[in-house]
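Consider the two complexes below, in which chain A is the common component and chain B and chain C are the respective partners.
Let's look at the complex of A and B:
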């Protein structure tokens, strides 16, 4: 039996790991994946790497935080951390999140209902470190002891002890990147406490006050998007060139005239893709173009930077960075004079634009925004396009992106489409607002430093992989090609990595893709199948 | 930052072995990077891919779409995997001295 972790140990023995995760701890995968996993080795952090960077949590390193130069730097960072904790709890510094955060601070009954709702905790073999309450409780104790007025001994007596030092803050930073912010914990809480919000608030405090953020999200994410126009590095010139290429390529493949409109003034619809789709999954933007043109929609893409990229990674780690991108997206929509903005198949874009931006944007900057799911549903059932569902006669299941389904409550439109167009559609268990995260949420899917991919595939992605296998248990053989509909760029990246790691195509015939591809695949006007299984 | 030695040249590399100073890249560096990818000798086909990626990157500041790479060089995706076992982005681009891909790709 594993030793239970004490919260009061969190700030102690900073040169050692607080806990470890071993393969044997994890609940087994069904055959043949148990064997495949046993044969694969998790990457070990080298001694040279440990000398340079902080590695004191669980043996995995997502962030490569440099070690402090001296005690002076340690103290400076701890002071900034304390100032940041205080700011989180003041109206003028954190008006957007203060109310739910205060509720979360005061009302946790420590019943652990959230722990059994958390796929990371459960699939880690129930390692205490990953309980949603563990991270939150560290924060509560820190606030109670070091921020609230009154003697420290009294706070310790009432709420439990915690040290505050470099070890505490460096471990807590890394621990903020062991939660995908799927908010299943918040959904299950009988008190309305949101422990995923604690992750979010701590991440943003580390970024805004200490300048600590994952390189993939900040430097090569938001900063690149602001400098070049897209987190992918595509400038306006490149994205247009790429779309031209996609149009030409799919005109050849389909025999249709595929033409993506750019910068059409006063269009009814501005569609914003996650630019990762254009780079890595061009069949997705191609399918949107084919479908929207066939339905006669008056639509456009925007070429103004950064509005050809719906990414807004600030959602995951920094309110200021989120606002910078959100304002630019809104300004492009306003300049084009479009009636509404449609979110492409990207979960965090939905949340950043449709809910968070609603609190920032006022007046004529707040142009109506809509998810692509109800928009696509309207097109599919408009009668304007002929479909032949027998073209999709293969097993299909749906992965619900947390940010769209649980966090925005969009459940039925995508299912109505799939039930109509996919004769062998089947649900995962559970699904809808009770879905499990792909394991790559909150930016994890693009974080691939050191041995972090081992963790996000084997631990945080484990439940999703099992769910997918279960959904297709009636057709386990690889000869039967199966389609996981995962309408979100981040989820697709994570599912691709899980499938590649376990060679799931070879052993189970698993393929993944978006929603709009399935719609276009069923169009009568297409002579050849749109979905290519061999690629 | 870790470093990487190719002949007389020392280059900074990131956690995944992508070089950080694309200006220092040359044929010798490419050959040394290829070895880290399990490619002992760069054949004519390898060079065709590497040179295409290099030229595209110098012109556009980013890697090409994989479909574009396939179409312009005439290689099928599985042939690229045969040449560079880690694939076009993690293998071929790394050898061509491009930075690690960014964004949701």
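Let's look at the complex of A and C:
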């Protein structure tokens, strides 16, 4: 029998790995992917890297946390950590999540129902480290022993033991980035406990108190977005240039006049894309432009920083960064005088703008916000544009971004479109609000330091890859081209990496893309297919 | 003495329950953190849909269904539907424990007091006593079975064992003691229910003269001690569960201009923060608004 990982071991033997993940532990992939996986080697962390950074969790390093210089620095960090834990449970410092967090702290029955719902835990070969309860339990024990009033022996008796030291906090920091915060665990909890929220809150605490956050999310993420305008690094000038280029390009490809409007005052619609689309998947903003212009929508993009980028990584790790970006997005909409803001195909943008920041945008900053799915549904079924579904006569499946389905309850509009326009549409199992995360959620898709991509593709993305293969099991051959509709930039990034790693195009004929591309591909007015199967 | 303990148990339990509820209720409004499915979404809840699916949702009248919420809660409270759906092997023990050990036993206690208040006698009293005896006996048996199963899981299941602490075992053994002592009293005393009714009468009439037989004393003592202990444990989750569902998972109320929510948020955003990372540097001097509207240095 596999040896259980003890929670009380978490703060011990900090110079060693707490556990390891081996390829043999992972549930097998179907052929030929089992062989492909066996042949590929996971990157090993070099000795030099180990000397400089903390590598004491599971052999993977997402964060490159520098080792402390001496015991004094260690103690300073531990003290800050304790202060941060305390602040998480105070009204003035964490009013936005105090109630859900406190209830989650006090009422978990440790029944492990959530573990079976977690694709990371399941696909890791059931490694205890990745249980939703493991991380949360460490936090509960730390709070009960070191933060709450009362004797430590009683806390240990009631809640179990844990050491507090550099090892504990450095491991916990890394462990916060082994959960995609998909909230499947919370959905399955009979009590209502939300262990994904614990991940969220711990990440926040590390960022807001110790200043620790992944470079991709903070320095190159929210900070860059606030300083330059976009986490992609695109300034106002560059983004306009890029879109001009995309417009030109797609005018040539489609024979239509493709022109993206900027900064139109009093437009009905302000569309905010995830700027990653402009850089990595230009066909997505181009498709939006073609469709919205064809439907006669009075719309615009905003060139004011950072409102040409709907990204808000603050959602994943820092309430203040989230608020700063959300306020700027709202301010641009207000200045333009638009009637509503439409979310582009980006899951976390939906959640950040439509729910999380809903309660901080007050007065005239609270401009109506709508998901692109009902908006596109309205256009498709308005009769303004002629469609020929036979143009989409290839197998299509839909990946449900967690932030849009499970967190916002937007399930049907995208399906109505796909059922109408894609004759060979089929669902994954499970789907809708029970879907599985792509494995790149909560910022993982853009985190590619050290050997973290190996983990995020082989472990956290494994269930999604299997689901995709299963959805197309009636057409496994690569000659039949198949389309995974993944209407979220983050999910697309992850699926791109999974497909590249396993060479899924070559072996299974798999392609991924957004929803709006499928809609435009079915437009009668387009003489040539919009979706190109060759890269 | 037992009578005093019984009064104390009721007082501690009620005060504890009220305090726990008050503690949760007085926490500030939180940011939206809903989770589909939200059962009050009329016509959408069955697949997890929400009002966000509607084109220009803010222009539509929100269709909410209280009946759906109540039906969801009924299935969850009575049948533990969530565990049935997500953790079947746990349900086989958790359901008998909750349904028998809590609801049936609780209902029996209610009927005992009903009998005591109504002062029934003759054949009506006999019928009620039989009913109570059946309910109580079934409750003890189901509760005992459930507790033993849960105990077995905690001791042997490698998924659960590492997360089980002294308190978990103590709680389960405590409950087992109550069910076992109840069964023992029931089978060792000829007038178990009638005597308990008599004890209930003495509690209602503040008459300390009624004496119970030793097995019943042990049972009542353990039950009262448990009631006193309960408010200090996570087993008060029946209160928390209401808030988990209604205040968090299903709280999808959007912000409306000029409403109560807006006033409350304005107050909360005006609080001073002490988060100390360099990009915040609150020091208890800056409010949330100050930090959120601060320009980041280029």
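One rule holds in what follows: the second predicted complex is superposed on the first by the 534 of 535 C-alpha atoms of A that agree within 3 Å, B and C clash if a C-alpha of one lies under 4 Å from a C-alpha of the other, contacts with A are read in each partner's own complex, and residues count from 1 in each chain.
Criterion: contacts are C-beta pairs under 8 Å (C-beta built on N, C-alpha and C of every residue); 3 or more make two chains touch, one makes a residue touch a chain.
The structure presented is a predicted model; accordingly, all values stated were derived computationally and were not measured.
Superimposing the complexes on chain A yields a three-chain arrangement in which chain B and chain C fit side by side. Contacts of A:363 after superposition on the shared chain: chain C is touched, whereas chain B is not. Once the two complexes are overlaid on the shared chain, A:355 sits against chain C while remaining clear of chain B.
Our angle of interest has its tip at the CA centre of chain A and reaches the CA centres of chain B and chain C; in the overlay it is 160°, to the nearest 10. Using the contact criterion defined above for the overlaid structures, shared-chain residue A:71 touches neither chain B nor chain C, since it reaches no partner. Shared-chain residue A:231: touches chain B; no touch with chain C. Contacts of A:211 after superposition: chain C is touched, whereas chain B is not reached.
The wider contact with chain A, measured as residues touched, comes from C rather than the other of chain B and chain C. Look at A:479: by the touch rule set out above, it reaches neither chain B nor chain C.
Contact with neither chain B nor chain C is seen for A:528 once the two complexes are overlaid on the shared chain.
Of the two partner chains placed around the shared chain by superposition, chain C is the only one that A:133 touches, whereas chain B remains out of contact. Judged by the touch definition given at the top, the superposed model places A:47 against neither chain B nor chain C. Between chain B and chain C, the smallest C-alpha to C-alpha distance in the superposed model amounts to 15 Å. Once the two complexes are overlaid on chain A, the chain A residues touched by chain B in the first and by chain C in the second are 228. Those residues of chain B that touch chain A in the shared complex are 2, 14-16, 60-63, 65-68, 71, 77, 100-105. Across the complex, chain A meets chain B through its residues 48-49, 64, 216, 220-221, 224, 228, 230-235, 237-238, 241-242, 245-246, 249, 274-280, 282, 309, 311, 346, 445-446, 448-450, 489-490, 493, 535. Across the complex, chain C meets chain A through its residues 24, 27-38, 41, 44, 47-58, 76, 80, 82-83, 85-87, 90, 94, 158-168, 234, 236-237, 240-241, 243-245, 247-249, 252, 254-255, 257, 261-262, 265-266, 268-269, 271-280, 288, 291-294, 296-298. On chain A, the positions that touch chain C within their shared complex are 1-2, 4-7, 80, 83, 87, 91-93, 95-100, 102-103, 106-113, 115-117, 128, 133, 137, 157-160, 183, 186-194, 197, 207-211, 218, 223, 226-228, 320-321, 323-324, 327, 340, 354-364, 366, 368, 370-371, 373-375, 377-378, 405-413, 432-434.
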